[in-house]
Amino acid sequence: MAVFESQELRKPPISQVGIVHWLRANLFSSKVNVGLTLAALYMLYVTIPPMLNWMIFDANFNFGEFSFLGFEFGEVMATNVTCGRSAACWPFIYEKFDMFVYGFYPRDLVWRVDIVFAMAALLFVIARLVRNYQHKSRFFLAMIIGFPIASFFLIAGGVFGLEEVETHQWGGLMLTLIIASVGIIISFPIGVMLALGRQSDLKVINFFSTIYIEFIRAVPLITILFMASFVLPLFFTGGVDFDKLLRALVAITLFQAAYFAEVVRGGLQAIPTGQYEAADAIGLNYVQKNALIILPQALKISIPNLVGSSISLFKDTTLVLIIGLMDMLAMVNMTANDIHWMGRETEGFVFVTMTMWVFLYSMSRYSKKLEVRFSTDHKN
Amino acid sequence: MKQLVKFSVASVLALSAFAVQAGTLQDVQANGSVKCGVSKGLAGFSAADSSGTWTGIDVDVCRAVAAATLGDATAVTFVPLTAKERFTALQSGEIDMLSRNTTWTITRDASLGLNFAGVNYYDGQGFMVKASLGIDTAYDLGGAAVCIQAGTTTELNLADWAKSNGIEYTSVVSDTNAQTTANYDAGRCDVLTTDASGLYSQRTATNDPSEHVVLPEIISKEPLGPVVRQGDDQWFNIVRWSLNAMITAEEIGVTSATVDVVSNNPERERLMGRSGNTHEYVGLSSDWTYNIIAQVGNYAESFERNIGLSTPIGIARGVNALWTNGGILYSAPFR
Amino acid sequence: MKKDNTIISFLNNNETRAIAFQVITLLIIAFVFYSGIDNLIANIEAREIHTGFAFLSNRAGFDINESMIAYTPEHSNLRVFYVGLINTLVVAVVGIVFATIIGLIIGIARLSNNWLISKLAGGYIELFRNIPILIQILFWYNIALITLPSPRGSFNFFDSVFINKRGIYVPEPVSEPGFAWVLIAFVLGIILTVFMRRHFKKKHDETGIHTRTIGYTIGLVLGLPLVVFLLLGSPMHLDYPSLKGFNFQGGKTFSPEFLALTFSLSVYTATYIAEAIRSGIEAVDKGQKEAAAALGLTQAQSLKLVVLPQALRVAIPPTINQYLNLTKNSSLATAIGYPELMAAFGGTVLNQVGQAVEILGMTMAVYLVISLCISLLLNIVNKKMSIKGR
């Protein structure tokens, strides 16, 4: 009589599980794929190791002596001479860190800038916490109005007993962030008005809005920056001190407004006609109709694109270098012209590129997230 | 804050005609600082150190004027400018004076509504080549690629010089000083041409300074000096004589360390404001020159501190020595 | 009582309000323009800046190292404008071609079933998209200068193509009399190809017989000019670059500035084109591919006749928008000194002449015209596409 004997389960063939299977399925599934994989690996082999050598393995990290728990670490901080030129000299960035972040902002006052940075981070956290809070829109409104004003007073000073710091002393990453945020905040309402103007039935308003938007979008930002920097002062009478930063901000705001206007217009066009008709039917006037019915919906649809457009603006802020503002990119040249640290452009360049990349990458991730969130909101 | 108010006022009123014309000195004293246009980073002439403090011989002229007018050499607002925007900034009143290695030419002096207040560095355009090329004169440069900075007189000088000597070249133009050097160092061109002072300072920024030679030919005169707006003679005098005070101090032998030493040299006592009344003529307090020398130093101190042989830049005094030492540096007398 | 009512209703009338509002706007705009221009003229006079376009005929006095047309410092400022304009167009066209090729490759690679290739394409997009274009231009320029060899140690390909720090040197075709006939034959070939294709398409529509046209196409477009070329006894020779003194002489040179600029513009814009193409392909309904397979179309036919036409409809409009962006971004050449419009005319000439209003106005007008042309193209494409959309 046959006795049932439990047999050990047969293992799946090695080709169907584990790392081997994964490699086969994803990297070596066909002759073409084998070739592509090998080519890609070779390309990585050629590019990555020299880069890592320059940045890490051969690089100099002598930031100076420091003690921790009573132990002494490190040696004397490297200088331009002891660093050599074959690999990165990171002590240079360490030494010039404040230049890259604050520019010429007086070093005994940078705590004011730090407070603004801290406030921004805090608000970001709070904004995430109150996402489901009933009155969140009030909170956001207060934040959007309150934070820039508070930051402005803190950074510029001149009131409440704070020492004034002139805009010529602003620089580095701080300036980049200021230009981007001021550009975004101020151009937004202008953009909304232009979008409404372009959708308006009033011929004159429609005409000028359209001309403005199309003209600005047709020319490169740099021509507008040049205009602002060379021609704008001529439009005003002499004796008016027209600050350089202000000129750049005017140019960037006017530029960005046209792009925001197009994004918002996209949102406006997506609103069903029924909404307009319903608003008219219950007797709302133009302002009420737009403020209460149309814009809240249109802006909500536009949020992902508004963030996308803001990212572009953030990238474009680097152009202020060309009209002579001392943003983070301009600091590369400035710091490498210190007679004690001459010729260190590459290090500064790499540092600035990485910083900008981190900012832009996190912003673009955030916008992707928003896109998902808002697109689910609108699917039935 | 002030900017915001100014802009609001400007936006409302500026479109209708109004103009405020006060003397620059009064403006400076009201503001409490001298707004001085400088380079966006030129080692030894104007560049910021790690703490954001500006140093350089161009910067020292600004500091001297601040010391003279406000009694405080640190009361300067530095406005970094590109070569392109420097004159517009001065004309439009964005800055009170320009000290940005700017060459004094008749066109600039006579047609731009500006005045050059003196010369703080005598320069000339020269050439630097790699030693390995084995070239020892600029006349052998036919067919070479030349690195130049855009928007400077160098570009025009080179074209003129090459034309008059029948030399053909290709130009490689960059927007900034740093990029020009980087181009040259990387071998994008054979020759770097700029003011000779620039060549020496750029040489230190190359991978191996000993591999480069500066050719003996100087193809242009480049007197560099501070510039002011035309039409304010008092301010013009202050800037001119602040610079002259530094030069005269070197001539007499007063340094920042010896300002308080009272001597029986009448010229020295006049310069230090301890006798005579020259300060009344320029409209400043009697200790204006004392402040310059005590806080900034005399010309030699400024030179040695920023670009002299003891610095990485290492420029010898050469033509910038005093006229008594074989150079051409010469100040009109304090009398 | 009644009278009051009419006034109030008159004031409340929407049309009256609309007119009043527009008139006020118009007045404000007119006032701003009037006083702005009034101030502008006063300021220009006060600063003794010249006005008008007389400067265009003045001697330029500076050298430009890269020009498609003959240029020396003796030429006029107007000539500089043309040199810059042509260089801008060259950069734009070359950049667009390469951006499209790279974008297409990366976009398809992103959807590849090879994990490594797909991830690399994704990494490429995330890396280059999130670095400002100005930084990329400066970066590639400096990298090219550091890594390429000096003229004496050039990379040498068959003694005709040389690559070094000064650029890429290629043999330049120099046409001799009679070469025009070859060009005419080429154009004729293209026209004949169009007719030939129409003919076979008609045949296909009527009889269902499919003819492969690729052989005919090659024959007409390439073969015909070649025959004419040989018949006329090769009316063209190549001018080879050779090392003389410091540099290579002869041939055609592409400077590192040009290469860095077009390279970074292509690499950057390609990330956007890749995304457009990817979303285009992803937007094609799965059912479409299945239906094509059910009809018995091969993989290639399905891709060519079903997937791509629909994918392109989604991908082309944003791609054309990127072409416009690329053209506008080419103005950043001013940072590395490639003499395109903004650098040569809007930069150097502005600096020498100082007439900002005229010079920047002309520069902006050029970009305006280019952008109008591209918008026009976009409208035509949209129209064509939307008919197919149904």
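Each chain carries a letter (A, B and C) given by its place in the written order, and its residues are counted from 1.
Just so it is clear, a residue touches a chain if its C-beta (ideal position, glycine included) is under 8 Å from a C-beta of that chain, and two chains touch if they have at least 3 such contacts.
Bear in mind the structure is a predicted one, so any value in this text is a computation, not a measurement.
Enquirer: Closest chain to the protein's overall Cα mean, using per-chain Cα means, please.
Expert: When every chain is reduced to its C-alpha mean, the one closest to the whole-protein mean is A.
Enquirer: Based on CA centres, what chain would you say lies at the far end from chain A?
Expert: B
Enquirer: Between A-B and B-C, which chain pair is linked by more C-beta pairs in contact?
Expert: Comparing A-B with B-C, the pair joined by more C-beta contacts is A-B.
Enquirer: Suppose each chain is reduced to the average of its Cα coordinates; what separation in Å results between chain A and chain C?
Expert: Spacing between the chain centres: roughly 27 Å.
Enquirer: Provide the C-alpha centroid distance between chain A and chain B, rounded to the nearest whole angstrom.
Expert: That gives a centre separation of 37 Å.
Enquirer: With chain centres defined as C-alpha means, what is the inter-centre distance between chain B and chain C in Å?
Expert: 43
Enquirer: Which chain B residues touch at least two other chains?
Expert: Answer for chain B, listing residues that touch two or more other chains: 14-15, 17, 84, 175, 182.
Enquirer: Return the residues of chain C touching two or more other chains; collapse runs of consecutive numbers into ranges.
Expert: Within chain C, residues 36, 39, 42, 138, 142, 334-335, 350 contact more than one other chain.
Enquirer: Quick one: which residues in chain A touch 2 or more of the other chains?
Expert: Answer for chain A, listing residues that touch two or more other chains: 230, 233, 236-238, 322, 345.
Enquirer: Spell out the part of chain B that touches chain C in their complex, as residue ranges.
Expert: 14-17, 83-84, 87, 91, 111-113, 142-145, 150-151, 155-156, 159, 163, 169-175, 179, 182-183, 186-190
Enquirer: Which residues, counting only chain A, touch chain B once they are in their complex?
Expert: 85, 95-96, 98-99, 102-107, 152-153, 156-159, 164, 166-169, 171, 229-230, 233, 236-246, 322-324, 326, 330, 332-340, 342-343, 345
Enquirer: Taking the complex as given, what residues does chain C use to touch chain A?
Expert: Touch list, chain C to chain A: 18, 21-22, 25-26, 29, 36-37, 39-40, 42-44, 46, 112-117, 120, 126-127, 129-135, 138-139, 142, 328-329, 331-332, 334-335, 342, 346, 350, 356-357, 360, 363-364, 367-368, 371-372.
Enquirer: Can you list the residues on chain A that touch chain C in the complex?
Expert: The touching residues are 26-27, 29, 33, 36-37, 40-41, 201-205, 208, 215, 217-223, 226-227, 230-231, 233-238, 315-316, 318-319, 321-322, 329, 345-346, 349, 352-353, 356-357, 360-361, 364.
Enquirer: In the complex, go through chain B and note every residue touching chain A.
Expert: That would be residues 1-4, 6-7, 10, 14-15, 17-21, 35, 40-44, 47-52, 54, 77-82, 84-85, 88-89, 92-94, 175-178, 181-182, 185, 201, 204-207, 306, 311-313 of chain B.
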